[in-house]
Each structure stands twice: as C-alpha cells, then as structure tokens.
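First chain written, first letter: the chains are A, B and C, and each begins at residue 1.
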Amino acid sequence: MKKLSLVLAAALLAGTALATTARAADELTIVSWGGAYQESQRKAFFEPYIAAGNKITEAEYSGEIAKVRAMVEANAVTWDVVDVDTQMALAGCAEGSFETIDWGKLGLDKAKFIGGDVTDCAVPNILYSTVAAFDTSKTAEPANLFEALFDTAKYPGKRALQKSPFVNLEWALMADGVAPEEVYKVLGTNEGVDRALKKLDTIKKDVVWWTAGAEGPQLLADGQVVFATSWNGRFYNAIKNDKKPFKIIWDRQAPDWDFWAIPKGTPKIEEAYRFISFASDAQRMADQTKYISYGPANMDSEAGIDPAILPDLPSAQDNLKTVFYPDPQFWGDKGDELRERFNAWLAQ
Amino acid sequence: MAMAQALPHDATMRTADGTPLKVALARAERREKLKAFALVSPLFAFIVLSFVFPILVMLYNAAHDPDVADNMPLTIAALAQWDGKDLPSEEVYAAFVTDMKAAQQNRQVALIGKRLNYEISGIRSKVIATGRKVGALDQPPFKEAVIAIDPIWGETETWATIERSSSAYTPFYMLSMLDMRQAVDGSVERQPQERRIYIDVLKRTLGISLLVTLMTLIFGYPVAYLLATSPQKTASILMIFVLLPFWTSLLVRTTAWMILMQDDGVFSQFMSITGITWLLNLFGQIDGSPRLFHTRFATVVAMMHIQLPFTLLPIYSVMKTISPNYMRAAKSLGGTPFYSFVRVYMPQTLPGVAAGCLLTFILSLGYFITPALVGGPSDQMISGFIFSATNNENNWGKASALGVILLIATIILYYVYNKLVGIDRMKLG
Amino acid sequence: MAVPSYYTRGETVAYYALRAFVGLVLLFLISPIIAIMPLSFNSETFFSYPMPGYSLRWYDDFFLNPRWSGALKVSFIVALATTALATFLGTLAALGLARVNFYGKSSVMAVLISPMIVPVIISAVGMFKFYALLGVAGTRLGIILAHTALATPFVVITVTATLSSFDKTLMRAGASCGAAPHTVFFKVVMPLILPGMISGALFAFVTSFDEVIVVLFLASPEDRTLPLQMFSGIREMISPTITAAATVLVLISTALLVTVELLRRRSERLRGVRA
C-alpha cells in the first residue's frame, strides 16, 4: 500500500510537471535591458498591452547577442521580441538571427522613424546616449570627460566603465589625442586597438567593470566609484526618482539607437508584430519620456513630449556641443573581434 | 523413492530435479545477473541519453565546424587544384563570387567571416563588406575585381586558410586550447604572444584548485579529528556547524561572501577592528582599507568555505574507524604524543585524506559560479571561459574545446580516485 | 572538557590550541550564513551593518512579487518532479547493483556516478545543443531531465550505502516464512531502505532546487527558477530581496538537514546499530 501510494504520488508529480512543459500559447516573451529602462517600457508599453487583454513574460539581458544567435542556430528560440542596440541589430541582421521586418504588416510608415533605414531587421524605438556622471556632493566638476575618466592624479579614486569595448575604445583614443574624425580609421588597425587598450591600461587597476545598466548609478550611489558611465536615462532616473545629487557629463556623449527585433524562427511571430505595432504608436512612445529621458524614434511623438524633459534628452541642443557619434556599421562588422580582444585584455 | 531410483549414480552433485548442481547454479546466477541488469538498465539508459550523449555532442562540436565547408562548396572544389604557391586561378575567384552571392542571399556571410576571423584577425568585417559588394560583379574576369574590393583576397595566406577550413572537421579549436595553431604550410606552431591565453588559464585553474585543496586540508583535518574523537553529544552539535553550510545552497553561500566582502562590508570592518588593516598598511601592502571584492583572495576564501565539508567528511568517516587503542599502544611503547600522532595516527587517516582531497580537487576544477561572482576578470577559471564563450561570443567550438580539456583532467582524476578509493565506497554524511 | 590528568604539558597546550583552532574554523564555516540572515530585515537597501531599521519589505517582495514567487513555484515543481524520477530510477539501480557482481559493474557504477563529478558546465554546454535536437531545450521537461541526471547519483549512493549494511538473511527469513519475492521486497526490504531512499530523495531535491548552471542554458524566461532569479539579480546587488530569498533557502536547508539526521538515527535504531 505504501509503495503504491508512493508510486501514485510520483506519477502525479511527474504528470503535473510534464503538463506544464508546453509553452503557454498566448504569452509573448519580451527581453530588454532591465532596471529603470525596462521599468519605463513596462509603464508605457507592457502594462497597457496587458490591459488590452494580452499576456507578456518579461526577461532581462545585458546585450548578450550570443544568446540569440545560439537559440536561432539550435532552433530553440524562446525569446519573441528583443530590444537591441544598433550594432546588435546590424550584426544580427547580417547573419540571419533576426526576422526581416515587414513594415506593411506593422501598419507603420518607415519614413516616420528616425533610424528606420539603418537595418531591415528591426524597428527603432529610442535614441539614448552613453555618458559619464559624478556625485556633486563628493566630487568637483571636471573640465571635460577625459579628465573625469583618465586623470587619476586630479581625481583619485575608482571609475566604473561598461565591460565592453564599445565607446570605451573610442574615448580612449580621443583621450590619447586622436581627432574624432580619425577615430574609426585608427581603430580599424591592430595598432589602433593596441593604442586604445594601452590608454585604458593606465587606469585599469582603478576600474570597476559593470555589465548591467543598473550597476553604474548604483556604484556611484554607494560611493564605490568617483565617476561612472552608463546610459543617460539611468542617471536621469537616479537623479529624478532616487533624488541622488548626480550630474551628467554631456561632453563626448555617444548617442545610439535601440530597436525592437524578432529572433528568427520564433513561433510567436504574429504576436510579436502585434506588440511592436502597439508599442510604436506615437503617443505611447511620447509617454515613455515621462519615465525616462530617452528620445522616441517616432517623429510623430515630438508633439506629445512634455517640454519639461526636453533639456535632459540627448538631442537637446545644449547637450550636443561635443557629441561623438559611434559608427554602427563599424561595430556591426568588427564588434565580435574587438570584444574578443577586449576580453583577452581584461583577463590578463 | 521412485525419483531416487531414476537418478543416475555418478560422482556429480545434483539438485532435486536431476540437473547437475553446477548447471543449476550457473542458471540461477545468470537469472540473478539478468534481474540485476534489468534493474540497473533504466537508469543506465537514462544517464546515457540525458548526460552522456550531450557530452559526446560537446566533443563533436570541438572538432566539427562546417561553416566554411557548407557555405563555400564551389570555392573549395576549385581550390583543390591550387598548388598553394602563387595566387589561385581565375576559376577559384569565379567560384568564390558565386558562393559569396549565394551566402549573401542566405545570410551566411557573417558565419564565414566569423570562422575565418578566428585565424586571420580582422578578416570578418572584410568578408561581410565583400559579401555586400560582390552582388555588383557580373562579368568575368573576377580575379582583379575581387582583389579590388579588398586587397586581402590577393594574399595567399587567405586562400590557404580557406583551403584549410574546407573540411567540416578541424583541429583549430583543440589546437587553440594548447595555444597553438596551424601555420600557413599546415605545420603546427605556437600562437603569437598576445593570443596565448589558454595554457595560462589551465595553470591558473589547477593552481587555484590545488590551493583550495591544501587550505581545506589544513583547516579541515583538525576539525575532523576533534569531531571523531569527541563524545557523541558534543560531536553532534559540532557537526551541525559543518553540515549546515554543506546543505545550504551554493548560491546562498556565495551571495553571503559577496555581501561580506564588499568594500566597507563586514569582513573589511572585521579586519580594521582586529588591527589587520593597520598591520597591512604599516607594511605598505595596501593603501587605506583593503579591497577584497573581486580578488583572488576572495575567490579562494569563498571556494574554501564551500569545499571544506567535502574534504572534511571523508577524513572524518575514516577517523571514526580508528581505534584509540593504537595511540595508547604507541604511547605505552614510549612514543611522545607528537611522535605517536605523526607516525601512528596520521598514516591511518591517509585513505580519508586522499579521498577528501581528490574529491575537493576534482570539484574545484569545475567551479564557475563562485569565481564569476566574487572573483575579478583575471580570476576566471576554465568554466568561466566556457560560459563566456557561449554566452558572450556564441563560439561553441571554443567552448567545446575548453570543455574537452576540463573533461580530460576530470576523467584522469576520477580514474585515480576510483583506483585509490573506489566510488562505491563514497559516503555522504 | 576536562584535560585528562595524565596529559603532558605539551599535550595540554595542544588540547586547548586544537579546540581554539577548530572553534575558529567552525565559526568561519557558519558565520557567513548567519550574517546574511539579519540583513534581510534591513529597512534600507544597504548590505552592511549597522542596520538603520527593521522591516519585512523584502519578504513582501519575495512572496508577493510574481517574479520571485513565480520562480519559487517553478523551482518547487521542477525539484519535485526531479525527486520523483530520480528516486525511482536510482533506487531500482541501487537494488540491481547491490545484488550481484556482474562483469563491468564498476564501470557501470562509474557512469552512473559521473554526473556528480563531471563539471556541470560541460554537460550544460552539451545539453543545450543535444536537447535542442530533441526539441526539449527551453522547455521545463528539458530542465527536469537534466536535473534528474544530476540528482540520481546521490540516490544511488545513499541507497547503495543502506543496502550494504542490509542483512540479506532477513530476505531469506521472509521467504522461509512463505512470502512471495515481491511481498518480501515490499514488507521487509522497503521499510529498511526507506530511510536511505528518503535521504537520497532529499539530496536529489536539494540538487535540483539549488541548481543554476544548467538552467542558465536550458531555461526559457517562463521557466525561471529561484537560483536563476537570484543569480541574475546578484550582480546588480540592488535589491536585498536576494537576502530574503537566501534566508528562506537557509531555513529550507536546515529543515532538510534535520530530517536527514532524524532519518539516520531511525535507520540505525531499526538496523540495530548502536547509535
């Protein structure tokens, strides 16, 4: 009797587990960058979408496009919509990791989107920028970005940088004296990369490397670093919502786009299109600026943006004085090998 | 009685129904063996399917890389005639253009570029750019046109690399693991200085594992001794201190260390209170408060914390079986306490020590979570690189090759462990 | 802790030194676990002492936030399924292994125990590719299969250990009393190896419940387990909900540990081994 009931119990358990293995038929899995940015997407897009009678599973990642590639290659795609940056969109498109977007199906006019023709495989959603920031209550304002990041004599202490070569290498080269127009020509050579890494070597032992967007502001708040880089919206959120005395250094800000992409082979492609269409609505994208200081890619959204936030957007005139635009094509082509070089340098 | 009369009278022993005892016994034993097989086979089949096959797949991926072979079939066929000396002929270039056009159509160009890039740094972007521009080439001659797109197609090394990658099976990943590569002429040579990482990683992994094993032995042996020789009640209470961490999730323990090791965290405060920080500052070792987080120190300490029960428990179970009479006998024969301990007691504990240390060493080799969370970038062990190769680089060939190295090390040690200790004698608590 | 009167001076010193040393080591072993628990009651988002105030807000987050409670639910489902499957397969195998010495037994044993020894990441890498071929990558079933493979060695070891001290004459006694083989099994063998089975089942449960590397590779966002949720959140170290999760896990571990201990004592009593 005991054994029988044990066997029954086991069968029941196994049965329940197996029954729950099938992916819920109507849930859409959306993957984004977590933290304050995903919170803003939640408020502006996900919650209204759920209120309209749909189901969403959210997930986060820190830009590991390798995961998408691995899923597509193995034909085990579990992510339905992914928020990617420009180099990921380009690289992913070139190697067939993302579905080609049918704008007609979305019901949207490509011409109305800034960055709409950057790639076939993704729909632009925001304009963000990589910047540095510091705590005004602890540190004096630096004259420019390079002083902030590289002058450890004048500003002793640790810096927080993204654990990625993206933008860090360009900033290093410019700090080393390369003119902005020449940066990608230099970076295209092995010696150029070495030069950038050598410049980073001068501060290597003082760097705390972050991977998730939320870490930069957190490290700054905890006092673990004197300067931190992150995406401008994350700092904005820390200043506005957490009331931190931070100031963003707009010098050499590096703007870039984010896109919605659909991994190739997902079984939920219809639902993915529906969501992207929903989230690309002009008013909804304008609403997102209520929660984070990123510029909407939909040109029609401009009318709906609250004027109070305009000065904090990367596109504000005052912030564009020394703007440096990263070359997405360069990164789409060379991103992988530069990441490998960078990781090897890090591991030494 | 009738039965007895029917039995033949000879010297062999027989069972009740007349079969020779030997035969009956053999038959019974075979039945037993079959029953045993039947009981074991479900699990065995399951393990083979869900565990062994994946490992075989991984081994396969370490050598199987069809990216170039599948996507450049015409080029490779044409290259068969190439002598390897000067640039290939026009046919090769024509075939190349056809292949690239098809690859561009099928979005496979990036894969070709990725694969070739492992050998020729920087070629990936050129391959992708070439894929885009090759659509414009309609008329022969193709040779100059292709070289005009990018001079790299005018170098013999490029074509030699393509020819080398023409088979679906390649030694490339395995050679990289030993910091070697194939030179242009096909011989094996060492990688240039800045690309040699993996032997160092292997040494680092072995070194950290060895250090952790030694530390757990030094700290665990006395504890095991006290546990084994204390009266039952005390020993039970002390055991809780050992078993509770053992049963606590690895992630929880590592998280605890992360929090404790933070700058201005508990550990740092502890060091300042006990004056260790002051001492270290005095000797110029550090400046201000110590940076513990993301260091080798933190990694070793955290790993030691997790592995201590693994080393301790086998030693303890061996020690429990050692009768106290040995020590008494040694002392009564005139040995000093210290001498008796070293010459009489310790050798008897050797099997437990070997079991515990080997187990800890094997397990330490495979550590991933702890170095990833409390260690710095230069403390990553082999598993960390495997994870990084799959998660950040989508380079499954590299991940698999690294896995092969780790697996070989593990199997060798596992074999040693089996010979010395015997897996069937493994005890848990 | 009285020092025996016949101890030499050196031995007395060693006696106290040993106890002091062991005390420190045991403190080292237990303190991280103890230290992290109070932090879960911290009212602020800090991770160090002294704490400004006390609050249960992180436990609220843990039990009410669907991210965490969903992960807890998935972890339990996967772990229970794994335990059921692993205990069943493992016990069968242990019974087979204990019976008879067949050719190749030690190699079979080696294969069955290997998931415990081979670094998990190796199998995880292979599992992703292979399970994708089978169509179970990214499904809960895939995780259960993988976890079962990792958990069965524990069941095999504990049940084998119990069987090794099992007195086979009891089986013959049962048979001689007229019981059929399966009755002998259910009425005589099972009750005696039950502690070993349950012990193994608990090990299997813990193995699955705590496992994070395989789920990193095989889980889809809908199958997030608790350790995965913790691991993803740990780097950011933003929310002390992790400490609440950790405390809950410690309590579960303690409960399991106590159960195993009680079982061990019971089993020793039943088999007539002097406790």
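To be clear about the criterion, contacts are C-beta pairs under 8 Å (C-beta built on N, C-alpha and C of every residue); 3 or more make two chains touch, one makes a residue touch a chain.
For clarity, every value in this text was computed on a predicted model and none was experimentally measured.
Could you classify the connectivity of these chains, where an edge means two chains touch, as line, ring, star, complete or other?
complete
Going by the contact definition up top, give me the pair of chains with the most C-beta pairs touching.
By number of C-beta pairs in contact, the leading chain pair is B-C.
Whole-Å distance, subunit B centre to subunit C centre, using C-alpha means?
22
Where the CA atoms of subunit A average out and where those of subunit B average out, how many Å apart are those spots?
Roughly 33 Å, centre to centre.
Counting in whole Å, what is the centre-to-centre distance of subunit A and subunit C, each centre being its mean C-alpha position?
So the centre of subunit A lies 38 Å away from the centre of subunit C.
Which subunit C residues touch at least two other chains?
128-129, 131, 133, 235, 237
Send over the residues of subunit B in touch with two or more other chains.
390-391, 396
Specify, in ascending order, the residues of subunit A that touch 2 or more different other chains.
In subunit A, the residues touching two or more other chains are 70.
Would you mind writing out the residues of subunit A in touch with subunit B in their complex?
Its residues touching subunit B are 64-67, 69-70, 73, 91, 93-96, 190, 208-209, 224, 330, 332-334, 336-337, 339-340, 343-344, 346-348.
Within the complex, which stretch of subunit A touches subunit C?
Residue positions touching the partner: 2-3, 7, 9-11, 13-14, 16-18, 20-24, 27, 29, 31, 34-35, 57-60, 70-71, 74-79, 211-212, 214-215, 218.
Once bound in the complex, which stretches of subunit B touch subunit A?
Subunit B reaches subunit A through residues 106-111, 114, 117, 121-122, 124-125, 128-129, 194-195, 197, 201, 263, 294, 377-378, 380, 388, 390-396.
Flag every residue of subunit C that touches subunit B in the complex, lowest number first.
Interface residues on subunit C, with respect to subunit B: 8, 10-11, 14, 18-19, 21-22, 25-26, 28-30, 32-33, 35-36, 39, 47-49, 89-90, 92-93, 95-97, 99-100, 102, 106, 108-115, 117-123, 125-131, 133, 145-146, 148-150, 152, 154, 156-158, 160-161, 203, 206, 209-210, 212-213, 216-217, 227, 230-231, 234-235, 237, 242-243, 246, 249-250, 253-254, 256-257, 260-261, 264, 275.
Across the complex, what residues on subunit C touch subunit A?
Counting only subunit C, the residues touching subunit A are 77-78, 80-81, 83-85, 87-88, 128-129, 131-133, 135-141, 144, 186, 190, 220-222, 224, 232, 235-238.
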